[in-house]
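Next come two complexes, and both contain chain A; in the first it sits with chain B, in the second with chain C.
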Partner chain A sequence: MSEAYFPVGPGLGLEENFLSLDDILMSQEKLPGRAESTLPPLTFALGQGVSTGDSIPEGSKLEIPLWLAKGLYESKRRIISVELPKIYKEAWRTVFSADASVVDLHKMGPYYYRFGSQLLNFDNPENPEIAQTILQTFISRFRRIMDSSQNAYNEDASALVARLDELERALFRAGQKELNDFQCWEKGQASQITASSLVQNYGKRKFTDMDG
Partner chain B sequence: MEPAEAEFLAEKELVTIVPNFSLDRIHLIGGDLGPFNPGLPVEVPVWLAINLKQRQKCRLIPPEWMDVEKLEEIRDQERKEDTFTPMPSPYYMELTKLLLNYASDNIPKADEIRTLVKDTWDTRIAKLRLSADSFVRQQEAHAKLDNLTLMEINTTGTFLTQALNHMYKLRTNLQPGESAHSQDF
Partner chain C sequence: MAGERAAELVRELHRAAGGHLPPFRAEGLRQTLEEMRVLYERNQADVSEAKSGRTDLIFLVRFRHCCLLRNQRCILAYLYDRLLRIRALRWEYGSVLPNTIQFHMSAEEVEWFNRYKKSLATYMRSVGGEEGLDLTQDIKPPKSLYIEVRCLRDYGEFEIDDGTTILLKKNSQHFLPRWKCEQLIRQGVLEHILS
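Showing the complex of A and B:
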């Protein structure tokens, strides 16, 4: 009602949500892997660093985007093998279990939860530990997100969200909206009729079009 | 839901007014109102009471609970108990704001009432936060929140349900899917 449009939310878990822009962005994230057989040139997907025109020899190290890794990975045919990004490895899991709230999840890959859930698609012996760590991380960071999002009124929130992962940022925004709506009502501004954000953006759009 | 919508629902609550005009019973879709006689108290919905008050056609009699002593008792009770105590009205916050904004001259000690209600509100919101946190921490599957009012649920509803949604999905990750070889539980 108050939103101009409803974006499709990300599918958190083993399945991506096909229509979610967030999930499409997330599937571009790269993960370390190794070619288990000779691969045709994949420069378009792997980016620079791989010379054009040559096929990829067996055993070379690769940085594979998630969408490609999911397509190529098959435990029987062994086209590629996939390693864990370091943030999901044992050493970092220990850090998360010590105190998850001090970690800068945005720097460590802005899609910590969703990317971690996707990693469970690859048969890795450490999968149960990864899933457990992700869940515990969310639980222990929950209180801080809730408190900061519902108390920071009329403040610069950039410092508060700087260390949050994309999923947590969406949560933070939901909390902020509720806080702002309530404060707005309490001050009596809710009874004033304002232009829809859609209309306001439309005006801006036209202005820039005329300029360019 | 937005606070304004909760306020809209609160406007259906009945309050007592003393009109200073006379009018026959009026028939509305929501029911009959009146008759209005000068000096005789009559029950009307809040929206009508506010409208009449703004046109200085009536005097408002505050609801029974809108009284400093009663509210002090409610506030102390709320602070003492760990769980939510029943509120005198499911729309106490909305009604306090509406009536105090438009008819504060008919309500004795309006400022004190405002502070008391706000204190009670703050205590309840703090409790709500605390229980939400322990709910998530202990990974409970369900919780019972009695005596919460609509406005209170509104302040944290979207946030909490979204967070619980995420948590549920992360928790299903723990269980190996159909493709996995063993399911030993």
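Showing the complex of A and C:
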């Protein structure tokens, strides 16, 4: 990690951070939805089953990215309704309450927590349960993540990290950095001036990146 | 799908982890702006029709408006995050950037970098008394005035405080004033040896 570069962090809860790359990619994730009235033909295709030029009949299924769903959703005038992705549904919530630490959250959508919090923007009767599940999942997984990030020194943790959601990965990286810095200090290397990590990276990339 | 090109820009930048600066995508940016121009013009036409009674167009107008806002957000975030990375380069590399990096920057970004350099220099001259204070020095607290360094690649001649020049040859070892060689260490020319 470069010491001088601090990216814009993601927002909290229902808020999105406008300039955060993480939040932009998170809101690019698709969401199942349904057309509540006949929609005019959209100039840009909205995914499967909808051919351009025809209007979209009422009740047809749509796959829309979160940002679009947020923009079009209105609680008073229903144009589209939003359904829950399966990982936030009742069946999966049971899995999470049984043992959250076995689930591969990265495969289930790399932004499990952030995307789940964003779902609370839509008035869904199951909202309280979703919020509760997300919180409980985090609580039960956090201990393990913190434990391994503080103790896996110079070890290959890729198998563990591969199953973590983006938020958990950031926590894991922070823990590892802190562990490494502490070990450095213990060995008396903290005062050593080192080449900037950016420089090291560019050195490695010099030849491969020329065509980029 | 609208907004896909803009998202691709963001995705690429996000993939380049650790503050690495990928090449500037002028073409992708131009296409996104073109897409926005088309969306805007269609919306303008439809808005005036909707005003004269065609309420069925309202949804379409709204849809396009969402896409416009989305594209705007992606582009702004893309440019802003690149600026953050470029700003970090000033602190990591010093005021002169290697050609490989300059090659990745757009003309406007080079201009911005130069201005940032200038305002940082002006600020550093204004603090710390007569001579100013180099804030990029001593990022880590120094323990001694002189340090032992080893040269990692041929660099050429190098002048130190007392006027003598030394030849920095690969694998040669020197005992130099810390403040003189800190930047060379950051740039990967020298390696700091702890006794």
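To be clear about the criterion, the second predicted complex is superposed on the first by the 185 of 212 C-alpha atoms of A that agree within 3 Å, B and C clash if a C-alpha of one lies under 4 Å from a C-alpha of the other, contacts with A are read in each partner's own complex, and residues count from 1 in each chain.
Quick note on the criterion: a contact is a pair of C-beta atoms (placed from the backbone, for glycine too) under 8 Å apart; a residue touches a chain by one contact, two chains touch by 3 or more.
Since we're looking at a predicted model, the values are computed, not measured.
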| item | value |
| --- | --- |
| First (chain B), second (chain C), both or neither touched by A:142 | first |
| Partner chain in contact with A:13 - chain B first, chain C second, else both or neither | first |
| Winner by number of chain A residues touched, once chain B and chain C are compared | C |
| Which superposed partner A:39 touches (first chain B, second chain C, both, neither) | second |
| Which of chain B and chain C A:95 touches, first, second, both or neither | neither |
| First (chain B), second (chain C), both or neither touched by A:191 | both |
| First, second, both or neither for A:177, with chain B first and chain C second | first |
| Partner chain(s) touched by A:199 [first = chain B, second = chain C, both, neither] | second |
| Common interface residues of chain A - those touching chain B in one complex and chain C in the other | 1-2, 188, 190-191 |
| Complex interface listing, chain B residues touching chain A | 2-4, 7, 97, 101, 129, 132-133, 136-137, 139, 154-159, 162-163, 166-167, 169-174, 176-177 |
| For the chain A and chain C complex, residues of the former touching the latter | 1-8, 18-22, 24-25, 28, 39-40, 42-47, 65, 67-68, 71-72, 79, 188-203, 205-206, 209-210, 212 |
| Touch list for chain C against partner chain A, complex | 1-3, 7, 10-11, 13-14, 18-20, 22-23, 42, 56-57, 59-60, 62-67, 69-70, 73-74, 76-77, 80-81, 84-85, 87-93, 98, 100-101, 139-143, 147, 182, 185-188, 191-192, 194 |
| Chain B-touching residues of chain A, taken from the complex the two chains share | 1-2, 12-14, 113, 117, 120, 127-128, 131-132, 134-135, 138-139, 142-143, 145-147, 149-150, 167, 170-171, 174-175, 177-179, 181-182, 184-186, 188, 190-191 |
